[in-house]
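Alright, structures below, take your time with them.
Two complexes follow with chain A in common, the first pairing it with chain B and the second with chain C.
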Partner chain A sequence: MVLETQFPSFGEWIQEAAWVWTVRIGIFCLIALVIGFLFTGIRMGPKRSWAIVSRAVKNTFSDLIHLSFKRIFAIAILSFKEALRRKILIGFAIFIVILLFAGMFLDTRSPDPARLYINFIFWVNAALILLLALFISAFSIPNDFKYKTIYTLATKPVRAGEIILGRILGFTLMCSAMLLVMGVVSYGFVIRSVAHTHTLTADDLRYVDTTKEGERALEGKTSLVKEHRHEVYLPPEFLKNPTGKTVMTDVNQGHSHQVSIVGQGKDRQYQLSGVKNMFTARVPVYGKLRFRDTSGYDTEKGINVGDEWEYRSFIQGSSDAALIWQFKDIKPESFPDGLPIEMTLGVFRTHKGNIERGVMGVLAVRNPETGLMVEVCQFESVEFNTKRILVPRKIKPLYYDKKGKSSSVQVISCKTKLPNGTVVYDIPENKLNPAYAQPSASGDGLEFDLFQQPGSKSSVGRSLVSSDGRVEVWVSCEDPMQYFGAAAPDLYIRAYDEYFTINFIKGFFCIWLEMFLIIVYGVILSSFLSAPIAILGTLFIMVTGVFHQYVVKLANGMTEGGGVLESMYRLLRQDNMITELPDNILGDFIRMSDQAINYVIGFVGYMAPDLSQFANSEYVASGFNIPWNLISIDAMTTLAFFIPLFFIGYLCMKLREIAA
Partner chain B sequence: MNKNASFKRKIIYACILVVLLIPLFILSQPASPGIDGQGGTPGGVLAQLRSKHHLDESELGDVDLIATTFRLFGLTPIADTILWNAANEYRMKKDWISLSATLKQMARLMPHYESVWRFQGWNLSYNVSAEFDDYRQRYHWVIEGLKFLEKGVSMNQKSIRLTWDVAWHTSQKIGKSDERVQFRRLYKADDDLHGSRPVELRDCWLVGKEWYLQSERVVSKDNPLGKISPTLFYSNAPMNQMSYADNLEKDGRFDEKVEREWKKAEEEWKSFGERDIETTQGQTIRLNNLTKYANLEKSLSEELENLEPELRNELTQERRQKLSPEQKAAYDKNWSDRNAEEINLANEAEEILRITNMQLAERMAANNIEHGKKIASELDNAKEQATWIERYRDLVNFNYWNLRAEFEQLPDIIEARKLIYEGKKAFRQGDPKLPKENYDKAFALIKKRLDTDEFKNFDSEDAFQLDFKTTMETYLKILEQNNETIGEDFILHDLWMKSGGSVD
Partner chain C sequence: MLSFNAQLELNMETEVIIETRNLTKTYRDFWGRQKVRALSALDLRIYRGEIFGLLGPNGSGKTTTTKLLLGLLFPSSGEALVFGNPADDVAKNERIGYLPEESYLYKFLNAEETLDFYGRLFRLPTNIRRQRVRDLIDMVGLGWAKKRQLKEYSKGMTRRIGLAQALINDPELIIMDEPTTGLDPIGCREMKDLILDLKRQGKTILMCSHLLADVQDVCDRIGILYQGELKEMGRVSDLLQIRDVTDIQTTKLPPEAEAEIRRVVERFGGQVKSYGAPSSTLEELFLKVVEEGKTHPGKRYQANESGDPNTLESAKED
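Take a look at the complex of A and B:
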C-alpha cells in the first residue's frame, strides 16, 4: 500500500498537538475577553465592564458545569424524532438503489475486485451520510425558530449549551443508526459480491513430470468464474495421500482457493473452497528505509529513474547498492517462527535482459550491533505484486561450501559521508569481529540464529537481531544494469493479522467521525444563521474539508495555473497553464487580487477540518489493519474541533434573541 | 367565480393540453423497428431527422443508460473532468487497478466519443503494459486494452478507426513487440479470450486480419474513410496474411501449410491491387494496372510520334529560335558547369522547349489533328494514371510484397528458410558444424532463385536487402566462431554488397 506521508505515534503527536491546541484556544479566548472588555468599557466605563465580563465568564462556567444530561438527552430524543419525521430514511433508500446498480459501475475483471468494491462502498457511505448529516443538522435550530418550537424550549429551564449538545447528540444518534445499518448492508454486499468458487475436473488437469524421477504432479486451470481462473498444481506427495490435506491455487484477483480431493480412482473429485486470503487486515511492522549507493555509502535517497512521481527511489543492480530497512522492537516472542517479510518492489530495466524471468535479487539480514550480515535467499522480482519471504529462526546462508566458507556471510559496518566529507561508521571498523562469520565451534556449521539464545554466550555474535531488538533487512539487485526501487512502506514484517470485520468497523468509525464533525458544524452554524445559509456554510466547510489539501495548496499559491482570477483569465483566453500573465496593470491587478483571495481562502480553509485525513478506506481495501494510533489521532482531532465549536455555538445561542 | 366557470376553465385547459400534445407527438414519436424488420414505423419528424443524419444513439452502437442519465442532468463535463484528472493521478502513481476502473467509467460517460476509447485503449495496451516487469502481466494489460477497444466498437459500430485500432493492437502489439514470442504463446493459449475459436486460428495476425476486414466492411458511402489513406487502409488485411505466413516459418513450420498461406497472401495482395482506389486528386486507380498503363503510354507515344515523325524536332528547332542568347548558352552548357544564374536560365529554356503531346497534336497537318489530339489526350491520361499508380504503389511497397509472396511460396525457398531456422537453432545449442552447412545450403537455394528471370531484380528491393541483413547477423557469428570471414567467393556476394555489407 502506498503511504506517502508517515504519521507519527499517538504519543508523539498528542504532545505537540495538545500544546498547539491549548495555546491557540487560549489566545482565542483571551482576544475574545479583551474585545468584550474594551467594548463594554467604552460604553460603560472600565469598572462596570470588568464586572460584566467577569459575570459573563462566571455564568458561562456555571452553565457548562451545570449541564444536565437528562435535559440534553430529552432534546436529543426530540431531535431524533424530528429527523425521523423529516423522512430521513429516504437517504437509506437512495443507498440501497445505489447498491443495486453498483454492478453496472464496478469492473468484475479488476485484478483486485475486493479493493474496488470496498473503496466504492466506503465512498458511497461517506458521501451519503455526510450529505444526510448536513441537511438534518443545518435545518434544526432555524426550524425551531421558524415553527416557534423554540418557545417551548426557552420557557423551560434549559440552558443554551444543552440545546446545542442535545441537538448534536440527537442527530448523531440518528445518523449513527443509519450508518450502522448501512455498514451492515455494505459488509454483506462486499462479501457476497466477491464470494464464489470454481470447479475443477479431471479434464482440466494434466500430468507433468517433476524433478524427481518417476514422480508426476498434476497441473491445470479451474473453471472460469467471475472472469477469472486459477492455476492449480497438485504435487505428487499430495496426490499420493490427499486425505485431510489441501493445497492452495495460485493467487488471482487478490485471492486463492483451497483444493481438496475426495474419493479415489474413477470417483475422484476435486473440490475447491470459497475465496481465501481476500479479506485480510495485515498488521505490518514498518522499518526506516535508507539506501546504499554504488560506492557503499549510506544515503537518504536512491537514484531517480525518471519517474514523475518520486515516491520510490532506485538502486543499481550488480553493485554495492542496496535498499536497507531498519526495524526496531523485534522480539522473539512476537516472531517465534521467524520474520515473515512482505515486499512490493519497483523494477526498472535499462535493457530487455531475460524476458522469461523477473530481475533477480538477494535478501539479506544484518545485525546493526555486531555488523554480521547473512544473505538469506535469492528471489525473482514480481513488480506491483507482494512477494512473501520468511526469514526463518535458523538461517543457513545462501551460498556456502563444504568447508563452511561462504561469500554470503560477512561482518560489515555501514558508512555515511557527511557534507563536510567526513566518513562516519555505524560500527567502528576496529570493533568488527570477523570471527562471527566463521563456522561455529559448537558444531552447527554455518547456521545463524535470528535471536540470541537466552543465557548462551556463544549465540551473541551469531544472532541477527541486536540485543535491543534492532535488525536490518537488505535487498540488492543481482542483474547488471537493472534497478530495484522502493519506498519505506514497500517492505514490512507482517506481525499478525487482525480480523477483517473489526477493520471494516474501524473504517466506518472514521466515517462516523467525519459525520459527527459535519453535524457539529451544521448545528453550530444554524444557531446563528438561517437554514439556507447554514446549509451553504456547512457544505462549504464539507467541500473545503474533503479537498483540504488542495485548498491549502491554493491558499499558498502552489497550485498549477495560479489563483482564481489568474485561472479565469487563462480560461477566457484559452491559454495553457504555463503561459505567463501579461506584464501590465491587468497582470498586476490579477496577481494582487489573487493574493488577497488566497489569504481569505487560507483563513477559511484552516477553519475546516481536513476530512481527507479521516478517509482510511484504502487501508481496509488494501488489506491492512487501520492502526489504533491513526484512529486515536482522528478521534482527538474531532474532539479538538468539537470543543471550540460547541463553545462558539453555546455563546451564539445564548446571545440570540429568541422572541424579537 | 362559481363552480361551473371553474369546471369550464379546467376543461378548456385539458383541451389545450391535448391539442398541444398532437404536434408534440408528430415531432417526437419514436421509431419502431418492427419484428424482423417488418411492420416498423419511421417515427416522428425528430426521429426521422435523427435517422437521416445518423444522430440516433442506437444507430451508433449499444445504448448506455448511465451515460444517458448523466447527460440528462448535464453532469457529463463535470464528471469527465474529475475522471480525467483522477486517471492522470493514478497513472502517475502507478495505481493501475484504479486507473483501469476510472478509464472504464470515463468511457461509459462518453460512450460515443471515439477519441476516449482510442486514447485510453492505447494507454492500457502500450503505456500501462510497458510499466510491468513480468511479461505475463504485460500481456494482461495488452488484452485489457484490446477488450476496452472492443467494447468501444460495440458502442460505436460504425467507427472505422476504432475497428481498425482493434486490428492494429491485435496484430502489432502482440505480433511485433519485444515480447512477441511470449505474447504469441500466451495469446494462443488464452481460452477465455478466444472462446470457441480453434487453436489453429488463434494467431494474432489472423485475428487482426479479421478485424481489418471488419473495418473494411464498416466503410460505406455514408461512412467514408475520410482522412485515412485508402491504400494503407486496404493493404492491412493482406499484409497481415503475409505476416501470418512469415510467422509460421518463424515458429518452425515448413510444411504445405506455409506454401498455402504464402499463396493465399499472393492472391490477397493481387486482389488488393485490383481494388479501385481514389487518389487525392479524385482519379480512380488500381495498383495492378501499372504495367498496363506503362505499355499503353509507350504504344500511344509511338503512335503519336509516328503520325508526323519529324514534327517534334521541327517544333523544338522553332522554339529554340525563340531562346535568348543567354538561355541558349546556359542550356547548351554541361549542367555541372552551370552557375546559379545559368541554372535558372537553363530551366527557363527547358520549359520553353518542352512540347506537350497536345501541343504536338495541335501543330499536325489538318487531316491528323483530330486523331492526334485524341491520342495525345489518351496518352496524357495513361501517363497520369501510371504516375499516380507508381506513387501509391510506393506507399505500400507493392512491388516488393508482390515478389516476396511469389518468392516465399517456392518449395526450395521454404526449404532454404527451414535450413536457416535449423541452422540458427543448432548454433544456439552450440553445434560447431551444422549451422554453417545449413546456411550455405540455404544461400545456394536462394541464389538459384535470384538468378531466374522472374526474380532477377528482387535483390534490388531495400526490404529484401534488410531482411537478408538480419539473416546474415547469425551467419556472421557462425563464421566468427569458425574463424572465417566473408570473401569475394561468398555465394550471395552481390546481394550482401547491395545490403551494405563488406568483404575481407
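Take a look at the complex of A and C:
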C-alpha cells in the first residue's frame, strides 16, 4: 500500500494543531469584531457602535451558555422526520439496486477480489451518503425561509445556535442511520460475494514420492469455482495421521482454504473450508528508511531510475548499496517467535536477465548498538509482489567456511558523509567488537538470538535487537545491473492482526466523519445562501477538500507551470511549462495577478478540510488496520472545523433579518 | 384601601406590555438605498389585559409593526420593547404566542406532531405537553383529523392548528396577524369569541386586521395606521361615538306611534332622521341560518308566492 506521507503520532500532532487552531480562531474572532465595529461605526458613530458590538458579544456568550439540548433535540427530530418524509429512503433504494447489479460488473477473476469488492463498496457508500447529506442539509433552512416556517420557529424561545445545531444533529442522525444500514448490508455483500469453497476428490489427487524411503505425498488441484483452483499438497506426515489436522492450500486470488480428511479407506473424503486469510487487518510496525550507496555511505535517498513519481528510491545490485529500515521498540514479548516481515519491493531491470525468475536479494538484520549483522535469507523478488519472511528468533547464518566461520556474519558500523566532507560513524570503529561474530564460547555455535537472554552473559553482544529495542533490516540486491526500489512503508514488521470487522467499521467511521462535515457545511452555507447556491458552495468545498493538497500547492506557487493566469497564458501560446514568462508589463501583470489569486485560493484552501485524509478505505481494501492514531487525527480535524463553522452559522442566523 | 381584585385590575390597566418609541423601519435594497419607509416614528403603548387592534389598509405597516415586535425584523431607528426587554431578546418569546397571517407550519407533520414539536421548544414537561396538545386539539375542533398531515388540511383547518400552536405555551401576550383570514363566518365568530375569552383570562392581545367589523367587535383600543404613520388611536367606544345623534331602540311599535314620536322629537328641537325596523348584519343572518340548520336539519328554503326565486326581484324581496 502506498503511503506517501507519514502521519505523526496523535500526541505530536495535537500539540502543533491545537496551537495553530487557537491562533487562527483568535485572528478570525478579532477580524469579525473589527469588521462589526467598523460597519456599525460608519452608520451610527463610534460610541453607539461600541455599545452595539459589546451587547452583541454579551448576547453571543449568553446565547451559547443558554443553549438547550431539549430544543436542539426537538429540532433534530423535526429534521429527521422532514428528511424521512421527503423520501430520503430513495437513496437507500438506489444503493440496493447498485448492489443487485454490481455482481455483473465486478470481475470475479481479479487477482484480489476482496480488494475489488471492498474498494467498490466503500466508493458506493461514500458517494451516495455524501450526495444525500449534501442535498438534505442545503435545502432545510432555505426552505424554512421560503415557506416562512421560520416565522413560527423564530417566535418561539429558540436561539439561532439551537436551530443550527438541531438541523445538523437531525440530518446527522438520519444519515447515520442510513449509513449504518448500508454498512451492514455492504459487509454482508462483501463477505457473501467472495464466500465459496471447492471440492476435492481422490481423482483430483496423485501420489508423489518425497523421500528416498518411499514416503509418499498427495498433490493435485481443487475444483474450479469462481474462475480459480487451488493447488493442494498433502505431506506424508499429514496423510499418516490426518485426524484433527489440517493443511492449507496455496494462496490464489488472495486467499487459501483449509484441507481436512474425514473417514478412512474407501470412505475417505477430502473437505475444504471456506476462504481463509482473505479479510485481514494487519497491524504493521513501520521503520525509518535510509539508503546505503555503492560507496558504503548512508544517504537519505537512493538512485532515481527515471520515474517521475519520486516515491520510491532505488539501489544498485551486486554492490555495497542497501535499503536499511530501522525499527524501534521491538520487544521480545511482542515478537516471541521472531520478526514476521512483509515487503513489497520495486524491481527495475536494466537487462532482461533470466526473465523466468525474479531478481535475487538478501535480507539481513543488524544490531545498531553493536554493529553485529547477520544475513537471514536469500529471496527472489518480482516487481510489487509481496514477500513474507519470518526472521526467526534463533538465526543461523547462511554461509559457513571450512573452519565453521561464516562470511554472512559481520560487525560493521555505518558511515555518513556530512556536507563539509566529514565522515561520521554510528559506532566508532574502535568500539566495534569482531568477537561478536565469532562462534560462541559457550558452545552455541554460530547461532544468534534476536533478543538478549535475560541474565545470560553468553548472549551479550550476540543479540540482533539492541538493549533499547532498536533493530535494522537490510535488503540488498544480488544481481548485477538490476535494482531494488522501496519507500519506507514497503517493508514492515507485521506485529499482529486486528479483527477485519472492526477495521471495516473504522473505514465506515471515516466516511461518517466526511458525511458530518458535509452536513455542517451544507447547513452553515444555507443559513445565509439560497438552496442552489448553498449546494454549489458545499460541492465546491467538497472538490477543494478532495484536491486539498493540490490547492495548497497551487496557493503556495509550487505547481509547475505557474498560477492560474500563467497557465492560461501558456495554454493560449502553446508554451511548455518551463518557458519563462516574458519580462515585460504583461509578464509582471500575470505574476502579480497570480500572486493575488493564490492568496484567495489559499484562503479557500484553509476553509476546506483535507478530505483525502478521511479516505482510508484503501487501508481496509489492502488488508491493513486503520491506526487509531489516524482515526483520532481525523476526528479532531472534524471537530476543529465544526466549532468555527457552527459559530459562523450562529452569527449568520443571529444577524439575519428573518422577515426581510 | 383597594381590594386584591381591584389592585389586580389597576395593575392590568397600567402595566405596559408593549412599548414602541419612535419605531421606524425602512426597507433598503442591496446597495443600501432606501426602497420604502414601511413604518415611521411609531409611539405606542399596549397595557396588560387589553385587546389592541392595529387597523389599516394593505401596506400601511401593520405586519411590519408585529414583525418588529417579534424580532423578525430589526428597526432602522427607535426601539421596540416587549415586557420591558428589547424585541430581539429571545427570552421574551417564552411569554408570547404568535399567529401569523397565514399558518406557516411544517406540512409534513400531523396536528399532534406539530403541537408536540412547538411544546418541546418551550421545554414543557412531557405530561403537561401531552395534556396541552390534547386540550388544544379539542379546543380548535380538530380531534377527528389529528393524525392527518397538515398538507391534507383545508385553509380553515390550518388556521385552527395555527391558533393552537400560538397558545401551546399559555402565553401572556398573543400577537395575531389577520386572525380571521381564511375562516368561514362560523370560524370567524368562534375566533372572536376565543379572543374575548382570552381577554377574560387576563391575556393581552395585539391583533392587526383590515377587517373593520372584526376589530370593532373585539378590540378595547385601536390604532389606525396609514402609509406607515399612526393616524388615530383610542378606545373603540370613544372613537366610534357619534356625538350629535341620539339612538333609541324599542320593541316593535304600531304605525300610529310614529307621528306621536316625531312630535315629541320636534318639541325638543330634534329631527327624526330615520324610522323603521333596523336591519341585521349579514354575519348575524348567516349565523342565525346555520344555527337553525343545526336545530332543524330537514328544513329547506322555499320560494314565496311572488314567483321565481331565482329572479333578482324575488331574491331582493327574500
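FYI, the second predicted complex is superposed on the first by the 582 of 660 C-alpha atoms of A that agree within 3 Å, B and C clash if a C-alpha of one lies under 4 Å from a C-alpha of the other, contacts with A are read in each partner's own complex, and residues count from 1 in each chain.
Throughout what follows, a residue touches a chain if its C-beta (ideal position, glycine included) is under 8 Å from a C-beta of that chain, and two chains touch if they have at least 3 such contacts.
Remember, predicted model here, so these are calculated numbers, not experimental data.
Trainee: Sharing chain A, do chain B and chain C clash or fit in the superposition?
Mentor: Because the two structures are overlaid on the shared chain, the partners are seen to fit without clashing.
Trainee: Touching A:155, do we find chain B (first), chain C (second), both, or neither?
Mentor: second
Trainee: Mind working out whether A:68 is in touch with chain B, chain C, both or neither, as first, second, both or neither?
Mentor: In the superposition, A:68 contacts chain C only.
Trainee: Touch check for A:349: first (chain B), second (chain C), both, or neither?
Mentor: first
Trainee: Go through the superposed model and pick first if A:384 touches only chain B, second if only chain C, both, or neither.
Mentor: first
Trainee: Just checking: does A:110 make contact with chain B only, chain C only, both, or neither of them? Give me first, second, both or neither.
Mentor: Only chain B; A:110 stays clear of chain C.
Trainee: If you take every C-alpha pair with one atom in chain B and one in chain C, what is the shortest distance in Å after superposing?
Mentor: 22
Trainee: Residues of chain C touching chain A in their complex?
Mentor: By the definition above, chain C touches chain A via 27, 67, 70-74, 90-91, 93-94, 96, 98, 100, 102-109, 113, 117-118, 120-123, 149, 165, 169.
Trainee: Once bound in the complex, which stretches of chain A touch chain C?
Mentor: Residues in contact with chain C: 63, 68, 70-71, 73-75, 77-78, 81-82, 85-86, 147-159, 657-660.
Trainee: For a test of understanding, state which residues of chain B touch chain A in their complex under the given definition.
Mentor: Listed in rising order, the residues of chain B that touch chain A are 65-66, 92-98, 100-101, 104-105, 108, 131-135, 137, 140, 144, 147, 178-179, 182, 192.
Trainee: List the residues on chain A that touch chain B in their complex, please.
Mentor: It comes out as residues 2, 104-107, 109-112, 115-116, 119, 224, 227, 229, 308-309, 311, 347, 349, 352, 355-356, 358-359, 381-385.
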